[in-house]
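Each structure below is given as C-alpha cells.
Below, subunit A partners subunit B and then partners subunit C, in two separate complexes.
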Partner chain A sequence: MSFYFVQFVTGLSSACSLFLVASGLSIIFGVTRVVNFAHGAFYMLGAYIGYTLTDRLSGVVGFWGAIALGALAVAAIGTLIEMLLLRRIYDAPELFQLLATFGVTLVVEDLVLLIWGPSELLGPRAPGFTGAIDLFGQPFPTYDLLLIALAPLVLAFLWLLFRRTTWGVLVRAATQDREMVAALGVNQKWLFTSVFALGVFLAGLGGALELPREAANHTMDLQVITEALVVVVIGGLGSVPGTFLAAIIVSELNAFGILVFPKISIVLVFLVMAIVLIVRPWGLLGRAEAAARAASGMVLSRWRPLRAEGRLFAVLALAVAALLPLVAGSYLVGVATEVLIFMLYAASLHFLLAGGGLASFGHAAYFGLGSYGAAIALKACGLGMETAIVAGTVLGLVGALVFGWFCVRLSGVYFAMLTLAFAQIAWSIAYQWTDVTGGDNGIIGVWPSAWAASPARFYWLTLALSAGGIALLRAITFSPFGYALRALRDSTLRAETIGIERRRVQWMGFVIAGAFAALAGALYAFLKGSVFPDNISISLSIDGLVMVLLGGVGTVSGGIVGAAIYRSLSIWVISHTDYSKLVLGALIVLLVVLFPKGLVGAFEAWRSVRTLAGLHRQNP
Partner chain B sequence: MSVSKLSVAQLDAAYGQAQVLFDVSLEIGAGEAVALLGRNGAGKSTTFRAILGLIARPTGRIVFDGEDISKCPPHEIVRRGLGYVPEDRRIFSDLTVEENLLVGRQPPRPNAPTWTPERLFAIFPNLRELRGRAGARMSGGEQQMLTIARTLMGNPSLLLLDEPSEGLAPRIVEQMIEAIREMKREGLSLLLSEQNLPFARLVAERVYVIEKGAIRFVGTVAEFDAQPDVRHAYLAF
Partner chain C sequence: MRMFSAIVSSAILAAGFAGAGPAVADDSIKIGEISSYSAIPAFTEPYRKGWQLALDEINAAGGVDGKKLEVISKDDSGKPADAVTAANELVASDGVAMLAGTFFSNIGLAVSDYANQKKILFLAAEPLTDAITLSKGNRYTFRLRPGTYEQAAMLADEAAKLPAKKWATIAPNYEYGQSAVAAFKKLLSAKRPDVEWVGEQWPPQGKIDAGAVAEAIAKTEPDAIFNVTFGADLVKLVREGATRGLFKDRAVVSLLAGEPEYLDPLKDEAPEGWIVTGYPWNAVSIPDHAAFLKAYEAKYNDYPRLGSVVGYAMLKSAAAILGKADSADSEKLVDAAEGIGVETPFGPITFRAIDHQSTLGAFVGKTALKDGKGVMVDVAYHDGAPYLPSDAEVKAQRPQN
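For the complex of A and B:
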C-alpha cells in the first residue's frame, strides 16, 4: 500500500514541470492561436542553460538565482524568435506557424548538440533539498516534495496574474476575440510578444527545475512536447486550471501505468486522451470553440482538372522519370525511389489536408501501419511481396477506418491532436509489442521478390504505383465525392444543409488518405529492407505536413512538389553534414517566411499576377 | 458642417477577390451625427470595418482629425480617438462587465469627453447592477449597452456605431436613443449605420444611403424625407 502511495507522490512531483510547460503552451495557443511546437525545445534549453548557469554562477547568484536566470534567458530567446519569426507569419494559415516552430525545434536540437555535446549532463542538487525523507517506510527525495508544493503556487500566481492585472484581463479578452481587442485600441503585437515571453519562460523554468531530478539530454524536447500537447488537450486549450488537472492525471497515468500495464504504459496516456476527446471534445475544463469561419482567400486559383497541356506535361514528366535508371547509378535510383514514395505519402496527406481541410498531425500512423503490415505479412505469414504490399495497404486502411471514425467527430486543433494521439498509440504498439514487431530492433530482411529486386526494377514498380496512386487521388478530388469533401472544407454548415453527411464523407476521405499513405509505407519497407518504429514517429508525421505546406495548401497537388524538394533536400543534407537538423530547420523557417503560401502557391500567385497584368495590357 | 472630423474619399474594399465597396466617400463634421442607411448586406458594416482597417482597403483616403489614417493598423486608429462599436456586439463573454470596460480603457484626450465606469453607469443604469457579472450571462440589450460603454471607455471623439438598435426591445431602443443624445450633448461626433429609419431620424442630422457597396444619396434628413423615391429604391421601407 505504502509503495503505491509513494508512486502516487512521485507522479505528483513529475506533474510540476509538465504543468509549467503545458500551461505555457496553453496560454500561447489561447492568445496567438499558434501551436508552439518549439515549446519542448525551450524546455530543453531551460535545462541546458540552467546546467551551465548553475555550474558557473552558483557562487554569485546562488542555485535558485541561476535557475531563474536560466529561465529568463530562455524567455529572451523565445521573445526574439517571436519578434523575428512569428510576427511575420501570424496571418499565414494556422499550420504554418506549427511548421515554423518545428523548424526552430530542429535548429535548437542541433545547436544544443554543438554547444553542450552529445553526452547527458547531470545538474547539481538543489541546496537544502539534497536528501530524502521517510515516507511510509520508503525514502522520498525532498526536492520532489518541493516541486509538489511549487506547482499549486505557480497555478495561483498565474490565476492572480490573469484575474487581477490589466494585462491579464487583456490576455483573457484576446483569447476570446483578438480582433475586437485590437478594435478597442490594444496593440496586439506587444500583447502577443509578452504572452509568448511568459509562456516560454514557464517552459524554460520547467526545464531548469528538472535538472536536479534528471540529466539534461537530447530527447527531452520531443518527449515533453508530446506529453504537454496531450495535457493541454485533456485539460482544455487555453484553460490553466484544466492544464493543472490534466498534468496531474497524465503524470499519475505514467506513474501507475508502468506498474499495472508495463507493456502498454505509453498507450495508456494516449488512450485516456482519446477517450476524453470523444466524451468532452474541448477538454475537461475547456470550452467549446465557436465554429471557425471558413478560411476565405486561401485558394488562389480555382481548382481544375489538368487540361491538355497539363496532361501532356504529366506524361512527359513520367516518361523522363521512367528513363532515369538508364542514365543514373543505383544510389541515385534508390534516392529517386524514396522521393517517389514520399510524393505518394505527401499526396495522400495533401488530399486530406488541402482537399478535406483536415489537418492530421498523425498521418505517419498509416504509413507505418503499411510498413508493418507488409513486413509482418512477408516475414511472419510467409506471403510474397505482391500480397504483402496489398496486406500493408489493407492494414493501413483498416487502421484509418478505426481511428478515423473517432477523429472525424472533432475538428480543428482537436482533430489534429486526436490524430496525433492515435499515431502515438500506433507507435507505442510498434515499440512495445516486441513479439510481433520486434520493438526497437524492428523487422529486418524485408526484400522485394526476385523480379523486382534490382534497384531499377523496384524503382519502376514504385513509379507505377506512386504515379497511379497520385493520379487516383486527383481523380477522386475531382469526383462528386471530392466536391462534397471540399464543400465541407469551405463551409461545413452550408454543405450539411444541402444534404452532405459530414462525418461519413470526412471519414471516407480519411480512409482514402490513410490507404494511400499505407501503400507508400509498404513500398518504403521493401525499399529499405526493414521496418522500425521510426516509420510511425511524430517527425515523420510532421515531415508530411512540411511537404504539403511547402508545396502549398491552396493548391490541388502542391504536396507532390513539396515532397520532391523536401525529401531530396533532406537526403542530400543528411549525407553532406553532421548538422542536418540545423540546416533543414533553418531552411524550413526561411521558406515559411519567404513563401507563406507554399512554393507552388507562390508560383500560382506570381502567374495570376502576370495574367492580370496581361489582361490589363490588352484592355487598358 | 463645420470643421471636418472624418473624411473618407474613394474607398474601395474587398473580401478576398470579391470587391464589396466601390468608391465610397463620406464626410462627418465635428460634433455632427450622421446616419448611414442601407439594407442588409448593402455594405454598412464593411464601410465601418474598412475605415478602421479591419479589412484590406487597397485604395482610398481616410482623413481623421486632419491626418491620413488609411495606412494605420486598427489599434492606432482607435488610439487617435476613433471609437468603433461592432454590429454583433462582440462582448468578451468570459469577462465581467467591469473587465470588459477595462479592455476598452484609453487615456483621456483634450478634444473628447472623458468617461469613467461611474459616468457610464449613469447613462446605462442597468450595467451598474451587473458590474460583476460575466458577459455571457447578459441579455441582448444589456450586451448592446455594454459594447457601447466599452468603446466609450477609450474616450473617442468620433464614434462609429454599427446598427445600435438592431434586435432590441422597444423599451431598450428608447434608452439607447437617450444615451446617444447624451453622447451628442457631450460633443461626440457620430456615424451610425441603421436600417431603422425612425431611430436614425431621431438622432442624426444628415443621411447617407448605401446600396451594393456604393453611396446612392447624400443629404440632410429633411432632404431625404423630400425624396421618397430614394427610400423606395434603396431601403426596405
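For the complex of A and C:
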C-alpha cells in the first residue's frame, strides 16, 4: 500500500511542475487568444538563466534569489517580445501570432546553443532540499514535497489575483469579451502586456525550478510545450483550476499507467486529451467559447476564380516549371520536386484552414498516412509505384474520414487540439508498431518504378499530380460545396439557418484536405526513398501552418506561395549554415512584422489599393 | 498575379540554388559529410573537431595520392528526409567521391539506402543500429562504430560475473533501446540461465518521468538494473534514483554512460560503481591514442570526447579507402574498403568484407568519482572482432546479392 501512496505523491510532484508551466500558457491564451508556441522557449530560458545565476550566487539566499531573478529576467524578455512583436499583430488573422511565436522559438533555440554551448548543464540542488525523507518506509525527495506545496500556492495566488483585484476583474472581462472591454475605455495594450509578462514569468519560474531535478538542455522547450498545451486544453482554455486538475490527472495516469503498460508514456497525454475532448468538447472546466464577433479582417476581398489573365499566368507558370529539368541539374530538380510536394501539402491545409476556417494542428497525420500507405503497399504488398500512390492516398482519406468525424464536432482551438491528438496517436502507432512500420527505423527502399526513376521524370510526375491537385482544390473551393464551406466559416449560425448541415460539410472538407495531403505524402515517400515517423511529426504539422500563414490565410491559394518560399528557404538555409533555426526564425519574425496579412495577402492588398487609386484618377 | 509572384520568387530562389555550388577545384578529392549538428551538438561538435583534426593531418602529409582532401559538411537537422536532401546535394551537385557521417540510426539507414540506390560509397560513423550492417545492409554501406549488439554483448559478459539474479531494465522507447535490451537479455540469459527478468520501463526518449520510473523499478526489487537511457534522461534518472535510493545495494550496468559526453554533465553526482561502456580519455594506454590526444589538445585546448575519436577515425578510414582504391569509381572504392585495415587512436581496425562492419571496439569499466568528476576505472579495451556475429549469422541476416 505504501508503494502506491509514494507513487501517487511522485505523480503529484510531476503534476505540480507541469502546472507551473501550463498555468502561464493558460492565462496568456485566455486573455490574448495567442497560442504562445514560445512558452517552451521561455521555460528553457528560465532554466538556463537560472543555471548561470545559481552558478554565480551561492548559499540559500543566493539560490532562491537566482531562481526568482531568473524568472524575472525571462519575464522581462517576454515583455519586450510582446511589446515589439505581438502588439503589432494582434489584429492579424487568428493563429498568425502562432507563426510569430514559432519564429521566436527557433531563434531562442539557436541563441541558447550559442550562449550556453551544446553540453547539458547540471545546476546545484536546492539548499535545504537536497535529500529525502522517509515516507511510509520509502525515501522521498524533499524537493518534490516543496513543489507539491508550491503549486497550490501559485494556484491560490492566481485565483486571488483574478478574483480580488481590479486588474483581475479586467483580465476576466477581457477573457470574455475583448472588444467590449476596449470599448469601455480600458487600456488593452497594457492589460495584454501585463498578462503576457505574468504568463512568461510562470514559464521562466517553472524552468528555473526544474534545475534541481534535471540538467538544463536545449530540447527542454519542445518537450514541455506540447505537454503544457495539452494540459491547458484538457483543463479547459483559460481555466487555471482546470489546468491544475488536468495536470494532476495526466501525471497520475502516467505514474500508475507505466506500472501496467511500461510503454504508455509516449502517447498517454494525447490519448487522454482525445478522450476528454470527445466527451467534453470544451475541456474539463472550460466553457463554450462565445461566438466570435465577426471574422472581420479575415478576408481581404471577395474570393473569385482566376480570370483570363490569371489563367494565362497559371498556364505560363506550369510551362516554365515543366521546362526546368531541361536547364537545371538533378539536385535542383530534386529540390524543386520537394517544393512541389509541399505546395500540394500546403494547398490541402490551406483549403481547410482558409476555406473552411478549420485550423488543423495535426495535418501531418494524413501526409504521413499517405507516406506509410504507399511504402507498405510497395514493400509489404509488392504493388507497383502507381498503385502504391493510390493506396497511400486512400489510407490518408480513410484516416481523415475516421478522425475527421470526431474533430468536426468541435470548433476553434479545441478542434485544432483534437486534430493534434489524433496526429500524435497516429505518430505513436507508426513509432511503436515495428512489425509493420519498422518503428523509428522506418521503411527504406521506397523508390519509384523504373519509368519514373530519373529525377526529371519523377519531377514531371510530381508536377502533374501537384498542379492537378491544386487545380482540383481550387475548383472545389469555387464549387457549391466550397461556397457552403466558406459560409460556415464566415457565420455558422446563418449558414445553418439556410439549411447547410455544418458537420457533414465540414467533415467532407476535412476528408478532401486529408486525401490531398496524403497524395503529397505518398509522393514524398518515393522522392526520399524512405518513410519515417517524422512524416507524421508535430514539426511537419507546424511547418504546414507556417506555410499557409506565411502565404496568407485570407487568400484563395496563398499557401502554395508560402510553401514554395518557406520550403526553398529552409532547404537552402540548412544547406548553408549550422544555425538554420536562427536564420529561419529571424526571417519568420521579420516577415510577420512586415506582412501581417501574409505575403500574398500583402500583395493583394497593395494591388487593390493601386486599383482604387487608379479609379480615383479616372473619376476626379 | 498570384502565380506570377510565385514564378518570380521561385526563379529568384532557383538562381540562389544554382549559384550556390562551390567552385570546383580539380586537384582535390571531395568527401560529403552529413551529421546532426544542430539536433545533437553535444555529440556532434566534438565529432566535427575530430574529423577536422584528421583532415589537417592528412593534408599536411600530402593528402591522398598527392591530391588534397576536401570535406563538404552538411547539417541534417536531425531529420532523415533532410539528410537525403543533403546527400543528394553532395552527390548530384558537389560531385563528392563518397558520403560519410550521420549520427541517428534512422538517418544512417536513410542515407545508406540512398547510397545503395545511387551506387555511392557511404561510411556510416555513429549510427548504432545493427540493421545497417545486417538486415538492411547493402554493398555500398560501411559502419565504423561498434553497434548496439556488440556493446550490449560486452556488458553482458561483465554482468554475467555478478551474483545478481533478478534484473530490471530501463531503456528509451525506440529502436536503439529496444534492441539493446533484447540483445542484453538474450546474451545474459544464455550465460546465466538462473537470471530472472523482473521489471522493465520504457520512458519516451528525452521525456522521462524519472521519479515515477525509479519507483516503478524499485517496486520490482531487482538485484541489478540494466540502463540504456542517456543524455538528459540519464541525468534525471541518476538524480531521482540517487535521492530515492534506487541504486543503493544494487548493481547497475549502463550502456554508453561512460562516454564523456554523458558522464561529464553529471559532475560530482556521477554514479559510482556502474559497469559501463565509454571512453576514459585520460586513462587509455593504447600507443596510437597518445599521439591523437596530444594533437587534439594542442589544436583545441580541450580534451577529446568519444565523438572526437569517431570523427577522427572516420576520416582516416575514408582517406585509407580513397588511397587504396586510387579511383573515384564507387565500385572500386567498395572493393578497396572491403577488408581494409586502418590505424585509429584505438589501434588498428579492419572493415570486415562479409558485413562491412569495422572491428573498432569499446572500453568497458566502472564509474568512479575523482576530484569531483565522474571517471572510468578498471578500464579494459574490448576489440570489436570477438563480439561481431559469425559468418553464418551474417549470411542468415544480411541480404545476399
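By our rule, the second predicted complex is superposed on the first by the 605 of 620 C-alpha atoms of A that agree within 3 Å, B and C clash if a C-alpha of one lies under 4 Å from a C-alpha of the other, contacts with A are read in each partner's own complex, and residues count from 1 in each chain.
To be clear about the criterion, a contact is a pair of C-beta atoms (placed from the backbone, for glycine too) under 8 Å apart; a residue touches a chain by one contact, two chains touch by 3 or more.
Since this is a predicted model, take the numbers as computed values, not measurements.
Undergrad: Putting subunit B and subunit C on the same copy of subunit A, do they fit or clash?
TA: fit
Undergrad: Report for A:Gln188: first if it touches subunit B alone, second if subunit C alone, otherwise both or neither.
TA: first
Undergrad: Go through the superposed model and pick first if A:Pro118 touches only subunit B, second if only subunit C, both, or neither.
TA: Only subunit C is touched by A:Pro118; subunit B is not.
Undergrad: Between subunit B and subunit C, whom does A:Asp435 touch in the aligned arrangement: first, second, both, or neither?
TA: In the superposed model, A:Asp435 contacts neither subunit B nor subunit C.
Undergrad: After the superposition on A, what does A:Arg213 contact: first (subunit B), second (subunit C), both or neither?
TA: Only subunit C; A:Arg213 stays clear of subunit B.
Undergrad: For the combined three-chain view, what is the angle at the C-alpha centre of subunit A formed with the C-alpha centres of subunit B and subunit C, to the nearest 10°?
TA: 160
Undergrad: Could you say whether A:Ser580 touches subunit B, subunit C, both of them, or neither, answering first, second, both or neither?
TA: second
Undergrad: Which partner reaches more residues of subunit A, subunit B or subunit C?
TA: C
Undergrad: Measuring by CA atoms in the overlay, how small does the subunit B-subunit C distance get, in Å?
TA: Distance of closest C-alpha approach: 22 Å.
Undergrad: For subunit A, which residues are in contact with subunit C within the complex?
TA: Those residues of subunit A that touch subunit C are 3, 6-7, 10-11, 13-14, 110, 113, 118-122, 125, 131-132, 138-141, 143-144, 212-215, 217-220, 223, 227, 251, 254-255, 258-259, 262-263, 265-266, 309-310, 313-314, 316-317, 320, 324, 328-332, 334-336, 338-339, 431-432, 434, 439-442, 444-445, 447, 455, 524, 528-530, 532, 534-535, 555-558, 560-561, 564-565, 568-569, 571-572, 574-581, 599-600, 603-604, 607.
Undergrad: List the residues on subunit B that touch subunit A in their complex, please.
TA: It is residues 15-17, 52, 54, 73-75, 78-79, 84, 86, 90, 92-95, 99-100, 102-106, 150-151, 154 of subunit B that touch subunit A.
Undergrad: Report the residues of subunit A in contact with subunit B in the complex, numbered from low to high.
TA: Listed in rising order, the residues are 166, 169-170, 172-173, 175-177, 179-188, 296-297.
Undergrad: Quick check: in the complex, which residue numbers of subunit C touch subunit A?
TA: Residue positions touching the partner: 1-7, 9-10, 13-14, 16-18, 20, 37-38, 41-42, 45, 74-77, 79-82, 84-86, 88-89, 92-93, 105-106, 109-110, 112-114, 116-117, 129, 131, 136, 173-175, 178, 200-204, 206-207, 209-213, 215-216, 218-219, 231-232, 235-236, 239-240, 243-245, 261, 264-267, 269.
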